[in-house]
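In what follows, chain A forms one complex with chain B and a second complex with chain C.
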Partner chain A sequence: MNLLVEAFGFGLVSMSVIAIAAVGFTMQFGITNNINLAYGEVMISSAYVAYYVNRAGISIWIGMVAGALFGAVFSFLLNRIVYSPFIRKGTSQIGMVIVSLAVSLMIANLLLPIVGYDYVSYQNSTGELIHIGSIILTTNQIGIMAVSVALMVLIHGLLKYTRLGKAMRATAANPTLARNCGIPTQRVIDAVWLITGALCGLAGVVAAMNSDSFAIVNGATFLITVLAAAVLGGAGQPYGAMIGAVLIGLITELSAAIWSPEYKEVVAFGVLVLVMVLRPQGLLARRGAMAAAG
Partner chain B sequence: MKRFEPSRLVPALVAALLLAACGGGSTSSGSGLGSGDLLVGVIAPFTGADAGLGPAYYAACLAAAPSINSNGGVGGRQVKCQQFDTRGEPADAVPAANQMVASNSNLMAVVGCTSDEAATVAPIIDRAKIPMFCMTGQTEFNKTTLKYFHRLVPADIYDAYAMVGSALFGPGHSPYKKAALVFGNDIGSQAFVQPATNAFTKLGGTIAINQPITLGAPSYRTEVAAMLATHPDVILTEALGSAGTYLKEVKTQNGGQMIPFIGTSATIDPTWFQQVKDAIGVDNLVKYYAGVDLGYTFSGPAYDEFLTNLNAAASTFANAPKYKQRGSTLHLYDGIIMTALAMLATNSSDPSVYNPKIKEIANGTSGATVVNTFKDGAAAIKAGKSIRFVGAGGENTFDQYNNSVSGYIWVAYDAQGNEIKAGQMTPQQTEQISNAGGI
Partner chain C sequence: MNLYYGANLLIYAGVDIIACLALNLQFGVSGIVNFSFIVFQAVGAYTAAVLSMPNDKAFGYDFQLYVGGYQLPFPIPWIGGAVAGGLLAVPVGLVVLRKLRADYQAIALLVTSVIANTVITNARPFLNGAAGLALVPPPLADQIDPNTAPYQYFYVGLTILAVVLVLFVVNRVVNSPYGRSLRAMREREIAAMAIGKNPVRLKMTAFIVGGVIAGFSGALLVGFIQFWAPSVWLYPETIILFAAIIVGGRGNNVGAILGALLVPVGFEEVTRLLNNAPLGLPAGVVPALEWVAIGLLIMGFLWFRPDGVRPEPRRVFEGGPDIE
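Here is the complex of A and B:
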């Protein structure tokens, strides 16, 4: 029983990490209609930016900000320089998926000679151990959860209560109509890439902190979990991604405690498949924040 | 909003796969040593969870090539090295192997082929009649029928027994009686589990938990909590790529204290050392880690030349010098030089002619001149002598299945990541474990 409670606590940390990444990914897709498979590589690139900042003797929490800024700028440029020209030429959605896959491979291979294949760790990224009943967490894990909760609240506030959020939702619902109504959709899309890129970069640093030790190969691993949470919640739906993150995070840890840890990802993806069979559009497809501008 | 339609992706993927599967084909010629560059294919994981393995083998080739090239080459032919990435996955390894043999008629040898992919690529390389030196310990190769297969390291079963020996008889501690087995869920790592379990339990030990872990998982918090709940005395482990994440979590959840851990010979690796050092700190690594390795001297003319060439290879591959004490790097270096000498000795670039000669050069024949470098070997061959090559990795003795078996020692790391010999099993201990394990 103790192990189950402990696993629940660990699941809270996992879901916090996944939520930041999945919300960024799903917003990017929901508003720009671009499935960016290079998301995992941007995450790991940002994690390395934070690593170099941290290695210079600066706190990893400052490194996290650097990672978020890098992710924002990198994603913005990626869209402006690579994706937008293809979209302007009328490249199909399948074509864009292949383009983003190619970008993902290019980033990974360009990064390899710079960072190498070795695993690295942040310094002082663990913090003090805290016991809350049977739940064991470190101060840094609690910090990660706090960051995640704060970001989810901010995203909710952005989408619900700001002009930019409403413009994002309008662009997501019907970009042509939004443009005809006077919404500067190109600037909205630029803002989306900056915001989701920052989330992506921050998620990369948080995921690397969560792993304690990371390498370039983790970019692909991150993407799989992020995709799972986003699809489970309903592609393009930020609140769905939050729910997807909760489910994936808790299921992986609890199944490792109940069953063999070897199969924890099998169980999580089994649940994903089951949900897709029963509800192919995902959990929140028609009721999410992106459904309509209010 | 437009929605993604997966069904439209399928034709594109099929077309991409068909394009990827296409490749040119050519055959090698066979009389004399021929002309043009010769190629050593390094087929191994260079990306993926086991990406740390391939570079160690590539470094071996980069060190061996100048040893041959600066001493006349193979009948004037220069040796080059090329990586073929298997990603550590059989599904990726098969096209990589097919592409390697189909596109390169000048392959003189193939090195690498770890346990991740050996079972799938070795038959392909054997069909192409290219001598290969595989870094796999899988038991299925103990009595292989593949004529071009060579293995310069013992089967994993011996590695597992050496770990059990370290737990029960190792220096500096009383016998560990309760072990946690934490091995990656890949083919290579799981090969240790059964022999270690057999030997340890039959000698009175208890397996507290057998925990196969998913390599590359973002965290192992629940796994570590479950493992710690069984209160093991020691962890026996090989989880390449995930060792840092797992062991850091052990330290965190155990109140900052490590548990002694014993690694396989694959943990004698600069990448592994760096990862674990970063994760748990060098003091903990030096204090709590024990490993097993083949008994290398890291000295002598063969090793000196290897080290010189390895350091020089830094201009091509910056990390090459890191592999100065990596057993597999030493062995594959020897394998490539033995192949080049076999070609010289038979005056043939036809693998079916020089392949049998590799074993003869490794084992030596009666009255053979012992040589330690390609230069000395080439000179002896030119003088009409029969040779035995004893290289940087020491003596090799191939059995009828081209498996070369040598003994293990217990090792540790110093703070700089150098291997230190910690001890060795006595013949009685070896016999005890062998009997318990069922050799």
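Here is the complex of A and C:
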């Protein structure tokens, strides 16, 4: 029983990490209508940026900011240089999925000669142990959770109470109508790539912090967990992604405690399959996986 | 160029052509973005391997752990590989192809491919985990010694036969009224439904037939290389085949064959030349750059020539209205 309570504690950290990544992914998809399969690779690239900053003797919390900035700029450029021209050319949605998979492959393999195959880890003290009942967490883990909660509140505020957030929601609902109403959708989409890119980069750094060590191959495993959470919540739904992250975080950590940590992604995949069979539109979405493309 | 090298090249080309024909049936003709294609090739290879290998307690094989080991004579392992590919296509197809939107189908299949590889790698007693199966007996090894020149000719002949057989089958499918239904579904699913076509049934059939051919290609390959492990069927291998179809020309078998010869075979050769050339690059850089080149090739073709080197011929009926 104690084991499960401990796993619940890890689950809390895990869900905080997944929530940051999944909210970024789902907003990217919901507003720009583009499934960015390179998301996991952008996460891992940002984690490496933070790694080099950290290796220069700078605290990982500042490395996190560097990772977020890198993720924002990288994602913005990715859209401007690759995705957006292809969309303007009229490439089909399936064509875009293939393009983003090609991009993902290219990022991973361009990174490989630079950073190598080896697993690396950040240099930082894990902080003091804090006991809450029988849950034991480090101050670092509590820091990650605090960052995540703060970001979720910020995203909520952005979408609900700012003009930009309103414009984003309008663009997501109907881009043509939004443009006709005078919303500069192009600028909104640029902003979306910057914001979600920052979330992606930051998520990459916290995911790397949360696992003991990381390497390029983790890009694909990050992507699977993020996809599972986003699809579970209903793709394109930020609040759904938050709920999805909570469930996936808990389920994977509990299964790791009961069964084997090697199969974390497999369990996430199992949840993904169940959702696709039983409720393909996800928990929250009214129109999601089932709706016609476009 | 020696015989063994030539045989190797021809057999790989044959396997790639068969795989591309199958993927073209799914992706090019029917519009199913099967990002887990390589899993079907892998299941065929594993099945053929365990059907032809002796039990894992047998002398010389006891360093590996695997299920089965029936030592069945050729061609049963090959048939088994093809059947396994088709059987796997049934549950995967039922989950993925029934309700999901096309782009979701693609990511679901991609994730399936990554996870299948993880599971096989970690579950060692099943198919010997990451180390994979070695010493797979080549077909008819008891009749002809596999390490002789005649056997190379024999295997090349078998491969050519296999390519001809598969080409015959897919040509029949693609040019039949059934192939027309598949293309109609690819072009506009709702319109195809309106004239009474059942897209789920059409997709399932294309998925299963493609799975059978993919499994067969795996059996053919494993009989020759005598080895199969998770590292040879990572998900990027599927992307190479997609690159081949996109380069060759989606939706026609000539394009698929052309693509198979240009992309997988061409890249294999270029790597060999680069590895032999004294460039002084550190190990691992050439393969990494090759993947980058594959990505660029896909994007370049989708941008400049989305219909490929040999575009799908437009099918026009005599006496029909002029559309131009």
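Some observations on this one:
In the analysis below, the second predicted complex is superposed on the first by the 274 of 294 C-alpha atoms of A that agree within 3 Å, B and C clash if a C-alpha of one lies under 4 Å from a C-alpha of the other, contacts with A are read in each partner's own complex, and residues count from 1 in each chain.
Keep this in mind: contacts are C-beta pairs under 8 Å (C-beta built on N, C-alpha and C of every residue); 3 or more make two chains touch, one makes a residue touch a chain.
None of these values were measured; they are calculated from a predicted model.
Taken together in the superposed arrangement on chain A, chain B and chain C clash. Look at A:253: by the touch rule set out above, it reaches chain B but stays clear of chain C. Applying the stated contact rule after C-alpha superposition, one finds that A:177 touches neither chain B nor chain C. Of the two partner chains placed around the shared chain by superposition, chain C is the only one that A:105 touches, whereas chain B remains out of contact. With both structures placed on the common chain, the touch criterion links A:136 to chain B but leaves chain C unconnected. By the touch criterion defined above, A:277 reaches chain C but does not reach chain B. In the superposed model, A:82 lies in contact with chain C only, and not with chain B. Legend: residue contacts after superposition of the two complexes on their common chain; A:212 is shown touching chain B, with no touch to chain C. Once the two complexes are overlaid on the shared chain, A:37 sits against chain C while remaining clear of chain B. Of the two partner chains placed by superposition, only chain C is touched by A:91; chain B is not.
Of the residues of chain A, those at positions 35, 93-94, 97-98, 108, 117, 221, 235, 262, 265, 290 touch chain B in one of the two structures and chain C in the other.
Taken in their complex, chain A has these residues touching chain C: 35, 37, 82, 85-86, 89, 91, 93-99, 101-103, 105-106, 108-110, 112-113, 117, 220-221, 224, 227, 231, 235, 262-263, 265-266, 269, 272-273, 276-277, 280, 289-293.
Note for the complex: chain A touches chain B at residues 2-3, 6-7, 10, 13-14, 17, 30, 33, 35, 92-94, 97-98, 108, 116-121, 126, 129, 136, 138, 172-174, 207, 210-213, 215, 217-218, 221-222, 225, 235-236, 253-254, 256-257, 260-262, 264-265, 290.
Residues 1-5, 8-9, 12, 46-49, 51-52, 55, 185, 211-214, 216-223, 225-226, 229, 241-245, 248-249, 252-253, 255-256, 271, 274-275, 278-279, 319 of chain B touch chain A in their complex. Residue ranges on chain C touching chain A, taken from their complex, read 31, 33, 35, 95-96, 99-104, 106-108, 110-112, 114-115, 118-119, 122, 235-236, 239, 242, 246, 282, 284-285, 288-292, 294-296, 298-299, 302-303, 306.
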